[in-house]
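Listed after this line are the structures, all set down as structure tokens.
After this come two complexes, each holding subunit A, first together with subunit B and then together with subunit C.
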Partner chain A sequence: MKKLIQLVSLLSFGTLLLFTAAHAQDATDIMKKSHLAMYYAGNDAQMDVQMKLVDKKGSERIREFTMLRLDIADGGEQKYYTYFRKPADVARISFMVDKTNSGHDQRWIYVPSVDLVKPIAADDKNSSFVGSDFTYEDVSGRHWSEDNHKFVKEDQLNGKAVYVIESVPVKPYKGFAKRVSYVDKTTFMPLKEEYFDDKGELIRVFTADKIDDISGFATVTQRTMESVKKGSKTIVTFVGTKYNGGLKDDIFAERYLKNPPRDYIK
Partner chain B sequence: MKNKLTHISLRFPWIVIGLAVAVTIFFAVQFPKIKIDTDPQNMLKADEPARLFDAKVKEAFALHDMIAVGVVEDNGAFRPDLLNRIYKITADIEKLDGVIVEDILAPSTVDDIKQGSGGTMVIEPLMGGEIETQEQADYILSRIKSNPVLRGKLASDDGKAIALFIPIQDKNLSKKLADEITGITKKYGGAEKYHIAGLPIAEDSFGSQMFKQMAVAAPATFLVIFLLLFLFFRNIKIIIAPMVVAVMAVIWSMGLLILTGNTVHIMASMIPIFLIPIAVLNSIYIISEFHAHYKKYSHKDNAIAHAIDELFVPMLFVSATASVGFFALAVTPIPPVRVFGIFVGFGTMVAWFLSLTINPAFAKLISAKTLHRFANADDGQGLLARFLHGLRDFARKHYRPVIAGAVALVIISVVGLSKIVVNDNPVKWFKKSNPIRQADMAMNAHLAGTYMNYLVFESNDADAMKRPDVERYIEAVQRDLERDPVVGATTGITDVVKKVRYELFGADSTKMVIPASQDEVAQMLFMFEMSGGDPGKLFKFVTPDYASANLWVQLKDGDNQAVRRVVERADKYIADHPVPQGVTVNWAGLPYVNTVWQKLMVGGMREALLVAFGIVFLMMVSLFRSWRWGIISMLPLSLTVMAIYAFIGYIGKPYDMPISVLSSLTLGLSVDFAIQFIQRMRTLYSRNQSFDQTYHDIFEGVGRAIARNVLVVSIGFVPMLFSDLVPYVTVGAFFLAIMLVSGFVTMLLLPAITVMFQRVLFRTAKQSVVEPLEVQPSEV
Partner chain C sequence: MRFNMNITLRLFATQFIISLLFASGLMADQVTLSGFAQGLFGGKLQQHKLTPSDYSASEFRLQMRLESHAGDADFFSKVDFVYDNVTQPKDQWELREAYLKYTLFKRLDFKVGRQILTWGTGDLIFINDLFAKDYESFFSGRDDEYLKAPQTAIRSELYTRAGTLSLVWTPRFTPNRIPNGERFSYYNPMIGDFVGGPPFFSAPLPAERWENSELAARFQKGLGKVTLELYGYRGFYKNPLGFNPVLMVPYYPKLSAYGGSLRGQLAGGIGWIEGGYYDSREDRSGTNPMIPNSSVLGLAGFERQVATDLTANLQYQAEYMEHYEDYEKTLVGPDKRDNVRSLITSRITRNFRMETIQLSSFVFWSPSDQDVYYRFALVYKYNDAVTLTAGGNIFDGKKKFTDFGAFALNDNLYAKMTYGF
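Up next is the complex of A and B:
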């Protein structure tokens, strides 16, 4: 009898372990699928982006740019080309990123007023992208392998079935101590993300406000990042998104910073 | 009325006392509702332009009050172990509630713009993590020194001092946070010295210490006065009444103040200290008078009635003039001073009323035996009496030198008054030995300063601050201001633009200039944001629409005088060099706001003093029904005010907040003696019709009462001289000075004047009015 109890206990414990492991696996898998759907849709993409930076007092700043993206490998290397149009005094600034995921991204910027191409360091992915509430990492995505994921539950968000996943950075990270993602069960789009600091306080909230189907790819055409503590938010709208337009690798070169590729940037 | 009040008190002593106790309880139960306000900013009206502008600037640039933490190590602070300690300390400070984490300025939180590997430009934390080698430590110092945004602010050029600036959500948290930060520095600290400074912490600590000091000072004063009264009257039962009157007057005024929803500010906390002597003064006259009459009548009610009868008019006028002095503060533009004046004025009248009722009621309850003993204790030959006799004979014999001395005193005082320097600095409200003061001195000796002022450039046009002419103008103002030794550093948007440009061109110092085009300025700032610079940090210097810019002007000295000098320097520069079109320039910041309220305070006090002086003079003329006596009665207070303020001028003590408020007290207290002296002299004379007899008698009863008051009030406030807070020491010293000077003036100059002008002054009572006016010295 005693042995039986021991056996049952052992079995139940083992089942529990297996169950947890399975869910961890599921969670990582969900986050991987979500990452690929969100940041690697198509082989390439081009879009006009409007960023509205709204500060605590409600005053707005606008940034408009055209963005080109080329995927070298799904979940791996990507190249970005950004050409600024507004505000007027920074128009013609162009910016290029070679995202390698090896931790050695490269960024260059062209400053037209002094006609200078300058490499800028890309070590800190948590720094703000052009002064917005989005970080560089938010623009190109945080690789799923950098966090440990935990499946919390299945839930509903604004009438959509979602997975709720909790992610904790593998290595201590300045950007957040914990993130809770609400991932759409069908499209794997992150509908909402909440970022918490090490005091457990909410620091930022991402929401996918509008999702359109573009050439078969679910695309977040309007998104908001709110910095809860600072009281500011940034609303990003994508216009004219086009996938698989056949972007060539050679335009992601320094000389195209000074002279934007006219095929894509008018 | 005078007889009625006394009559009722004598007839129904228990009812009178019971009613007074009931009212006292009513006011005492208001105390839990007390609202304490320790914010010196409230010295200004809520809608005062300087204050509104300061609030607007803080809002526009997301500025917060800051606690400065200084680390001083004379052997050099830039060592790995020490920097790592600071790193940990900063991390712990970030966890405190009430700290604005993202705005902390510390080696581990500020960004450095620099050349990265592969010719990159990078913005990253100056100290990204703990370090290991001395080279790393040296490198951090070199980066601070080469960055105009950080230089002098974060570390001294000699590397002996490091500063952390901790912005806080609310000024009223600064004391609490400073204590918590001290705890953290103790946890990690090594041999180096940690200092915590800054105006907010001085102001908040002063607020909390003020109430502690009051809790000690008021009872100590009370006790000393009680002991002195006992020494004079040798009878506990007799002197209970004056003490009860004092306590009740304090409770009634403070209770009413709280009941009417007023906050207890630095000024209001001094109300008890001001009311105690005022309340005790009246009682001393009554007891002295009662003593004299009891001897004569040996009948309690009669003696009391007679004493009150004699004293009613002078006491009414004494109290009324003292309240006028305080009520006059209501004309000042400083709300806490107004509240203070109104409620001390109210308390003065309460004290008067209670003196007339509580004293008789208590006396009525005292047994005949006690009173008899009290009355028979002869004080006619005591030390005090003999001293007064000395004064009496001296003033009579040497009235010319006495008057000449008074004239000399006036001349000397006028010179001294011209030397008065108006200055204040809340940090200096602490004694030099206080840690706050020490921190202030240590940090300002090494670093760019703990006093943060803001010079704000505003325009209605978005992007105006990107204009090269505007940028160059700001830069020129910076260079000019920095020529004043008190200006430790100036930091503005210009420094960011130049620093980015310098690094963009590969650390080329020839490129560290304001660009020639607006696009280029804009693109330098864009580069800052692109390279990972925190826009939040940029917007401490410029509004997001670039319509306004904020120049941080860091001062090593928070004295209003020094701040004013810097403000005037900027004013002059702006007057000499026209501001770019469409741009206006204004100051903000705590040190600047302090100069504004001081200016209002000085002007307001002068006005209040003049108004009160005028009213008191008219009251004196009507009381004595004589211009001559009116003028004479103003002499003790005029001489006292002049002598004391001249003394301040000579010793170079700055005319600050407490000193300016004390002028009204001087007025109220000094006129007291003159009223008692003159009124009694005239009463005596009308009875005995003999100047010699009158002159002799005045030094007995009322003379002794005045002398007792001088001693009670001046000695009673000696405990305040040992306070840790300078304003309280000042108040204590002032009471002492007021009492001594006005006492001596009353007991020497007034007798001398009556001797010299006795024919004129005492003519009408004795002789016919038609006798020609002639002034001639009496032959003594």
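Up next is the complex of A and C:
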């Protein structure tokens, strides 16, 4: 009898362990699927982006650029090309990122007014992208393996069924101490993300405001990042998103940094 | 009468350029017109009265940019119209850029026309970049882009698997623009003191001959995370460092230069090294005191983001003069240079308030020459169109003849307002 009890308790404990492990696995799996759906849709993508930066007093600044993205490996290396159009003081500047995940990303900038190509010493993924509330990391996504994920619950957000996932950076990270993501159960788009600092205070909130189906890929065509403490927010609109346009690897090179590829950048 | 004709001619030329720009624009697929209007006012801190004006800058500038492309060809032009109270004539215009770009055989890019050219790894210091600089603009608080003066040139770039080969041919030698006593005073070794004008300093250019054109070449190859570049140049010293004792005028001695550089990721930042050899073709033996000796130059630099919104770099450069003993033997006058000239520079840039405010500082300090040049600026982007800038340029030197010591009477503070469109 005693043995039976031991066996049953052992079994149930084991099941519990398995169950927890399964949920952790689910959480990581959900975040992986979400990351791939959000940042690796198609083999390549091109889009015109407008960023509206609104400070706490309500005054607005506009950034406009064309962005090209090429995936070398899903969930792995990606190349980004950005050509700025507005405002006037950054117009015609082009910018290139080789995102490697494995180590340090490589970034280059071309400043046409002085014909200068320069690699950028910017190791900090948490720095602001062009002065907006988005960081460099927000633009290309934070790899799922950099955080430990915990499945919290299934829930509803604005009438959509979502998974709620809590993520904590594996290595201490100054960008956030905890993130809560609300991931759409069908499209795997992150509908909302809340970033908390190490005191547990809310610092930033990401929302996917508008999601369109473009060539079969769910695409967040309008998104907002609000810096709760600073009182500022940035609203990003994607226009004319095109997937699988056949971008070639060779345009992500100094030649095209200096000479914007006119097939894509009119 | 002559004055009037000049104005008529200038107006006509301006009109002609503008109509040309618009005409070319109309034929293209896509035309973009942009530019800025800018007022720049600066005053000198020393009341030395060597130059005609106490101001380092008092100007209003309108820059018009027109860009268009059709098929494989790109056209870009940039014209500056300036009303300048400090230098004559007061109303000026300059075609800063006007070029065509097109691609031949898929691998060969041409850029033909008036253009700004840059290569090399140094931050505001140059070894193998022997394209024209404009130090007068640089010292007066104009935007950074004005450090580079345009050259009318043909640039071709051939892209191959082995690397990229660039060739720049500048038919007419284009010198640096340096202080000439009108806006800024300078050190005159003949007099042994700082001087201003009028008369303003000028040096005759080499005759317009085939053999006097400038040729610059670069080979570039990516090696993983590092870029290797090799350089060559045949032309003239970009500053009038020679002196013709017969005509009693300064001139531009012949120069060839060879060098190389490496730049890439290093310790969470970017590191670079560059070296070069200046072959002073008119004085290879180093025995002519009127012409610079050949020299070997090297620089090393490192830049990294120190904290969020804070970037800093550090550079060291050394120039070693060849045949120094001959230089010492034949030297005329008291202004004796050291065998090795060293230079340390550092740039620090800090952004505030979501990059709307930027504070930057750049120091050049030569331990060997014991001189210093310090520039700083506070930039406030009031909105997307309006930028306000305040800054300064400070020079100091123990001796008057050194690179920065020569401008010791030109310390200035300036304010600038720019409206971009």
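Definition applied: the second predicted complex is superposed on the first by the 257 of 266 C-alpha atoms of A that agree within 3 Å, B and C clash if a C-alpha of one lies under 4 Å from a C-alpha of the other, contacts with A are read in each partner's own complex, and residues count from 1 in each chain.
By our rule, a residue touches a chain if its C-beta (ideal position, glycine included) is under 8 Å from a C-beta of that chain, and two chains touch if they have at least 3 such contacts.
The shown structure was predicted, so the numbers you read here are calculated from the model rather than taken from an experiment.
**Student:** Put the two structures on top of each other at subunit A: do subunit B and subunit C fit, or clash?
**Tutor:** Taken together on subunit A, subunit C would clash with subunit B, as the superposition shows.
**Student:** Between subunit B (first) and subunit C (second), which does A:N148 come into contact with in this model arrangement: first, second, both, or neither?
**Tutor:** neither
**Student:** Tell me the contact category for A:K199 with respect to subunit B and subunit C: first, second, both or neither.
**Tutor:** In the superposition, A:K199 touches subunit B alone.
**Student:** Could you look at A:D89 and tell me whether it touches subunit B, subunit C, both or neither (first, second, both, neither)?
**Tutor:** both
**Student:** Counting only touches as set out at the top, which of subunit B and subunit C does A:S215 meet: first, second, both, neither?
**Tutor:** neither
**Student:** Figure out whether A:D115 sits in contact with subunit B (first) or subunit C (second), or with both, or with neither.
**Tutor:** A:D115: touches subunit C, not subunit B.
**Student:** With both complexes overlaid on chain A, does A:Q156 touch subunit B (first), subunit C (second), both or neither?
**Tutor:** Neither subunit B nor subunit C is touched by A:Q156.
**Student:** Going by the contact rule set out at the top, does A:S59 touch subunit B (first), subunit C (second), both, or neither?
**Tutor:** Both subunit B and subunit C are touched by A:S59.
**Student:** Contact-wise, after the overlay, does A:G131 reach subunit B, subunit C, both or neither (first, second, both, neither)?
**Tutor:** both
**Student:** Considering only the stretches 128-136, 200-208, 380-388 or 398-406 of subunit C, report the one that runs into subunit B.
**Tutor:** Stretch clashing with the third chain: 380-388.
**Student:** Shared contact residues on subunit A, subunit B side and subunit C side combined as an intersection?
**Tutor:** In subunit A, residues 53, 55, 59, 61, 87, 89, 113-114, 116, 119-121, 123-124, 127-128, 130-131, 230 are touched by subunit B and also by subunit C.
**Student:** Using the touch rule from the top, collect the residues of subunit B that touch subunit A in their complex.
**Tutor:** Against subunit A, subunit B makes touches at 59, 62, 95, 102, 116-124, 463, 466, 504-505, 515, 517-520, 522-523, 526-527, 529-536, 538-539, 544-545.
**Student:** Could you list, by residue number, the parts of subunit A that touch subunit B in their complex?
**Tutor:** The touching residues are 53, 55-57, 59, 61, 87, 89-90, 93, 95, 109, 111-114, 116, 118-121, 123-124, 127-128, 130-131, 136, 199, 229-230.
**Student:** Which part of subunit A faces subunit C closely enough to touch in the complex?
**Tutor:** Residue positions touching the partner: 53, 55, 59, 61-62, 86-89, 91-92, 104, 106, 113-116, 119-124, 126-128, 130-133, 174, 230, 232, 254-255, 259, 262, 266.
**Student:** Could you list, by residue number, the parts of subunit C that touch subunit A in their complex?
**Tutor:** Against subunit A, subunit C makes touches at 29-30, 34-36, 67, 69, 72, 74, 101, 109, 115-118, 144-145, 147-148, 157, 159, 164, 220, 225, 227, 263-265, 268-270, 303-305, 307-309, 311, 313, 351, 354-356, 381, 383-385, 387, 418, 420-421.
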